[in-house]
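Chains: A, B, C, D and E, in written order; residue numbering restarts at 1 for each.
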């Protein structure tokens, strides 16, 4: 150790800066353009980029310092308070940061991957804003990214459920903002890819999950009197309250998890979320935010451990999602959609793992997945960028011209052929044109497919291993294994379709390799995808065994009260899964690699599977189902309530007709009974009865004085009658 | 003179200075009228800050009391009694804070009869502050009813096309409720021999059966004002027709008078009835939350959407108050402030676009972010605050309310956590309609050519919004000072309930 | 033999002075033939009478062998009706000239009528009540028909006269029945004889007939039907005068007679009174809703105000409560008087010849063109509707309080609902004034403006400082028994 | 002597007839005369009771009523004449322009 | 049967008959004459009841002055019979009759269904003489007397005001005074 104990512990006090640095970054990028504009200067792209990347990078530095300190402190958790927050009677939640191995792991992932993606975005967004015709949005993007980092940091470092929830909803907001980043795009899309619609969908689906989270918090608070991790977890183990209470807590948390980590039934938002710019997909919708659910379960390990039955439920949700999403991924043509469903599927793996109580395995997969899925998304972004640049080359120099280009671009979108740079059917043969991207993509693919010795192999293997031991139900293992096969297959399919064969479109033909800012992160992530698996070396020999597991166990052991046991590497499971993966890749080669797709050719799998493929392609019509079962009824209900009940009935009928009109009618009657014909009718009837002839009725005269006198007289008779006769 | 210079007298009646000056202006002196109103309302805000400085947050009792016998009738002494405590100080500050902001917002929006407008506005401020400070039921009623008049005119003269209808509906509706309250007030005075609220609270001793009647008589007035479902029918009319500043004050302060009434009178005066009927209040509140949110979703007019969203938001406040525990009530009070800020800001925002386009139909908008980015961002923040995003003010209020309601659900007060559960579902629905609104206005392509030339906010408009935004963040991130102000008084109140 | 002395005159100085002053004015009018002089002198006389009344405040005495009681209660009514008379004269002068029927007899008749109202407030003998009622009414019949060659005015006068005489017949018959039961008409003798009477049913029927007769005068439903027609047909200042003074006189006598002489029948009368109150409130308010002519609207509204005042009267028989009842009635009367004169002043300012300028449409745009006048009208309307901070609210507050104190919650609820309904039609005027555009024709006459300003300021300030007023009113009550 | 009650009964009959006259006749003068009949019914009561109580006050009252009646007649007939001049009829039903 | 009673019954029949005559007669002049007859019978009752002065006043003031005035006006206006036909509000009459009967019934209940009844009064002399009336009037009832004075004055002024109007009729100008 280079640093002395006292200095390193001092680093803990820096932990709030993991939030403050990105926050400062976003403030600078928000206000400097305005300030500079006032000064008649410009806050150009370099300034924006430097600010954004530095903010994120500093957060990474602080995270690393936390890591160092924590190592020095032998993994003992630290709680760093900043300020009071909510303080109501017995309810007291301060702004408090928690530094333990779990949170530091997440911090490193978030800030590490985050910084890389910031870097990537510097180059990527430079082109993207121009292709979308809105160069001014460059700063906005970095503001959002910084905001996301800040929120994610709050999420992973908070010392209470409430603070976690702040980050939880905060990242949801960022997700909303970033999905809707190109809010004017795809206005006419009906399949949910309408950008603003996708953004809303993400937020609302997340809110449903948040509702569960809230419920969980309420129960927790009213039974433990606090929401602070440090106070709840010791209590949970020897909790002796009403039966099922903890079950409810865990169950509601699971609802939150399904929202944030895109599990059945709330996963539908994540694929649509790919409408956001690619770095966003990589950072938020693959590497970090969506893993928050996994983090939540891992964080709440004591709660989940404290109750029977929840494990099975969580694991089954995870496993089912893993399988279900994997099948859908097979049927997609959009390069990012494939990765999106892959992400859902992989999140299913993680959720299944943490659900089974294999927290280390889940977290391990979370980390490696962050590497390789971020890599895949970024690389796919690089592919898209390359294709897009091939489609209509940009003048690299003159920014001024782009305004002119804008309208052209818009027109182009609107009137000419609809070119989708993300459609794999428009690609092919890109291997030679963008080699850097190709090789890094391959690293990611193999890692995801779980091929030895890539990172994915180790982490997925550990999950499968735990699943094979899982006592709850065998379904989990079966689902996960099948999902793994599908994973290998669809990744193989993707690689063959994108990189091999011949270009199926002139854009693919003229694709250009991306600039270095885009490529550097790819390379770094590729390296991590290759080597990342070694950090939890499962053998006693060689590297430090179960280093990652022991590291996390500082946290889990404290919180769950027992040391983690780390299963020995099982060659049976490993070999079995590897063979299956390889077989799946070969299968995909047979279908897509051997005879590459030609332009306009239908997918060979579609022919083979027929309706099943159609189902996969149509995402099993889940969106349509939700539309029919939830959204349409909701709208109908809203319409019914607002138009029929509230307005037509309550406002117009009840208040206007029922009360006001009748009231006025009565008033008119009282003021002028004769005019209304009421008394006329009676008089007519009386006249008929009394006189028998109505000839003289025509001579109409009114004698009000007598009427008035009669009224007085009636009063007299009535009052006297009452007093004398009735009383 | 000393009597007049009491802080609470000053904060209540200082706007009268402005009124008097305005009376001597000519009709044509529009700018002078604006500036006078602005300066006077700012000075009033300053005085309210002075009151805050003198306020002892640790003291749960009334402070800075001004008390004098107004007149005697029979064996009653009707008091002129003003006092402030933790339950009212925030609302007073909210009132004095929103008034100058609203006035600022009218700078270019109101060109017709500016002097009269400002006159009514300052009169309204007197009434509102008086409502929050009055400690004698008679005095309270006087202020309460008095607020109707200026608001009636603000809607009726400067409102939209249906303004007369809306104004008269507003007036009659609120009056319908308050006359029942008047009867209850008289009943209290007759049996208890005083109208002085602290004395009435201290005396207690109203039989349970009668408490129920009185409770509902008071509730009639307050529930209409809040408005609680299903008494909300006046609200969309009034809000939509009112001029921007009127809507701001209507939503920001006038509705709070209803919830404040529940807090100040219904709960402490009739604790038994409050406990007995908390379930009903909470039920209506929850229905209001869901109903308001659902109905908001289907609106075609931005202002109407926000109006209905008030039904939903105020439902939260009511739920918090009738959780009858410290958490819920404090959340409720804070949420009153939050709603005042957020919905006030939303109405300001709607006013800004209305001033530019003279329409509020969603179909007319779309993609505004492109032409008005600053406006869009500010709207977004306010909208998020309104839907309760953590870190912004709305969340702090809603969360504490729900927490309190959940806790009350575990006790006989509410008897079921389902209230909190369903209310929390309202959080989802809030996201639905808020995002619907935001999406319809700002996202998507800019299709309407009329919107292409829209100017972004000018400095005055930004200045109008910034103080509200500061508060949105402040309360969201560090609400402690606010809770500290109200906590002792609320604890006191909860102690009266004896739960 | 006579048993009268100068003290009788001194004690009743406000009345005797006023009557003698009226005699003087008859001569002045007969010889000077200048209506403006008569008007000024009448006003001077009224002011002097006010001064004389105020000087007597606190003195409690009776005069003319117990025929008259002079106490705080009476003085309060004196000042009220004298003040009302003064305001009426101020309202009338320019109006009569502009309408072309300026005649000095007008003011003389008004003085007689005021004296009648004052006598009603002091009357301690049923004979005096009857005569005072006639002295109040007969000039009113003529004043209502004062407009020459005008069918409406003459019709109003004739209607008022015929129905008034008809109602007078009931009063007489009622007094006769009471006399039959007790052998007395003096209130103290009546009350003394009631316990030993042989025919209590005579008392009951007599009291009821008295109630009906006086109820006619104050326009309680169903004895109200003359009111809108007469109010519409009569010259507007006369209407204003009638609305206030006839009501004040009627209620003054009603309260004194019933509280002094008939507490025994109070319990029996409660259902009757309640029914009258409810009928009055319902009919008065709802009918007012349907009006388009402002005079008729105010006519119906004044009916409803009579209903409000009757509400307090319901409680008169409860010992310990009548004081509050009287206080609130007096306060309400005062509130009604001030507000009413103000609003009639505005009506007069807008009225044109031939009954034009009296519809709601004629008020359109008033708020913009004449902000001060419309603000004053607003104050009056709010006061009528019972919105604070106005006298009208204070009046209703004390009234409802009394009613609730008496235990008539249902009645109070009807009352508050009625006041809600009333807000609706008052607001309609406000709507025309402020929310419609138009070119209202307004006359600016100094006297009119003075009345408007005084009453508008009074409506608010008397409420804010109603402490003294209440003290006065409640002191007035103490002397009643 | 005749029991006083008989007088009271007679008075009641006359009073009712008078009231009916007001209610049913359309001639303003006859209406007015009916009112006079009502007043007379009251007078009869007074005199009868005065006899019963052997008190003069009843008779005094009658005296005052007569004066009042005279005053009313002066005013009333003047009004009727005035209306007749304007409308050329004393049919009270013609005096119904004010209504509503 | 007591002679007094017989006289009473006869007179009562005359009184009621004349009242009904007034009520039912179409011609206003006849009505007025019936009313005079009625007033005269009243005077007889007054005498029987010990009020000679009142009876005298009744005849001179009421039956004499007042009714003559009525007749004068009827003749002046030429309004013996009303022009115009029947009225539209025919329910008025039946309703009035029903209510009238009800009122009479009520009053009869008041008169006859009581626990105690007013019986025959004692014999009296020296009651209701002009002297006694005058003494009481100016002794005990001075104030009401004065009030009637003002009442008459007011009525007089009123009558003058109403009647003394300059009216313009087409074709002829006349000033009427009364």
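Here is the rule we use: a contact is a pair of C-beta atoms (placed from the backbone, for glycine too) under 8 Å apart; a residue touches a chain by one contact, two chains touch by 3 or more.
Just so it is clear, the structure is predicted and the values come from calculations on it, not from any experiment.
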Given chain C and chain E, the chains that contact each of them: A, D
Shortest contact path, chain A to chain E, counted in steps: 1
Path length in steps (a step moves to a chain that is touched) from chain A to chain D: 1
Chain nearest the overall Cα centroid: B
Most extensive contact between chains (C-beta pair count): D-E
Longest centre-to-centre distance from chain C, chain (CA-based): A
Maximum centroid distance from chain D, chain identifier (CA atoms): A
Geometric centre distance via CA averages, chain E-chain D, whole Å: 5
Centroid distance [mean C-alpha coordinates] between chain D and chain C, Å: 26
Rounded Å distance between chain B and chain E, as computed from the means of their C-alpha atoms: 70
Whole-Å separation of chain centres (CA-atom averages), chain B against chain D: 65
Set of chain B residues in contact with two or more other chains: none
Numbers and ranges of chain A residues touching at least 2 other chains: 671-672, 701-707, 709-710, 713-714, 716, 720, 724
Contacts with two or more other chains, residues of chain C listed in rising order: 127, 131, 134, 138, 141-142, 145, 149, 157-159, 162, 166, 177, 180, 201, 205, 229, 291
Chains touching one another, given as label pairs in label order: A-B, A-C, A-D, A-E, B-C, C-D, C-E, D-E
Residue ranges of chain B touching chain A (in the complex, touch as defined): 169, 230, 233, 236-237, 291, 294-299, 308, 325-327, 330-331, 367, 369-370, 384, 389-391, 395-396, 399-400, 402-403, 406-407, 410, 417, 420-421, 424-425, 427-428, 431-432, 435-436, 439, 442-447, 477-480, 483-484, 487, 491
Chain C residues touching chain A - in the complex, by the definition given at the top: 158-159, 162-163, 166-167, 170, 201, 204-205, 208-209, 211-212, 216, 222-223, 225-226, 229, 268-269, 271-272, 282-283, 286-291, 300, 421
Interface residues, chain A side, partner chain B - complex: 83-89, 91, 134, 162, 165-166, 168-170, 173, 176, 180, 183-184, 187, 194-197, 199-200, 203-204, 207-208, 210-211, 214-215, 217-219, 221-222, 634-635, 637-639, 641-643, 646, 650-651, 654-655
Residues on chain D engaged by chain A in the complex (per definition of touch): 19, 22-24, 26, 31, 91-96, 98-100
Touch list for chain D against partner chain E, complex: 1-10, 12-21, 23-27, 29-30, 32-34, 36-37, 40, 43-44, 47-48, 50-52, 54, 56-57, 59-60, 62-64, 66-75, 77-82, 84-85, 89-91, 93-94
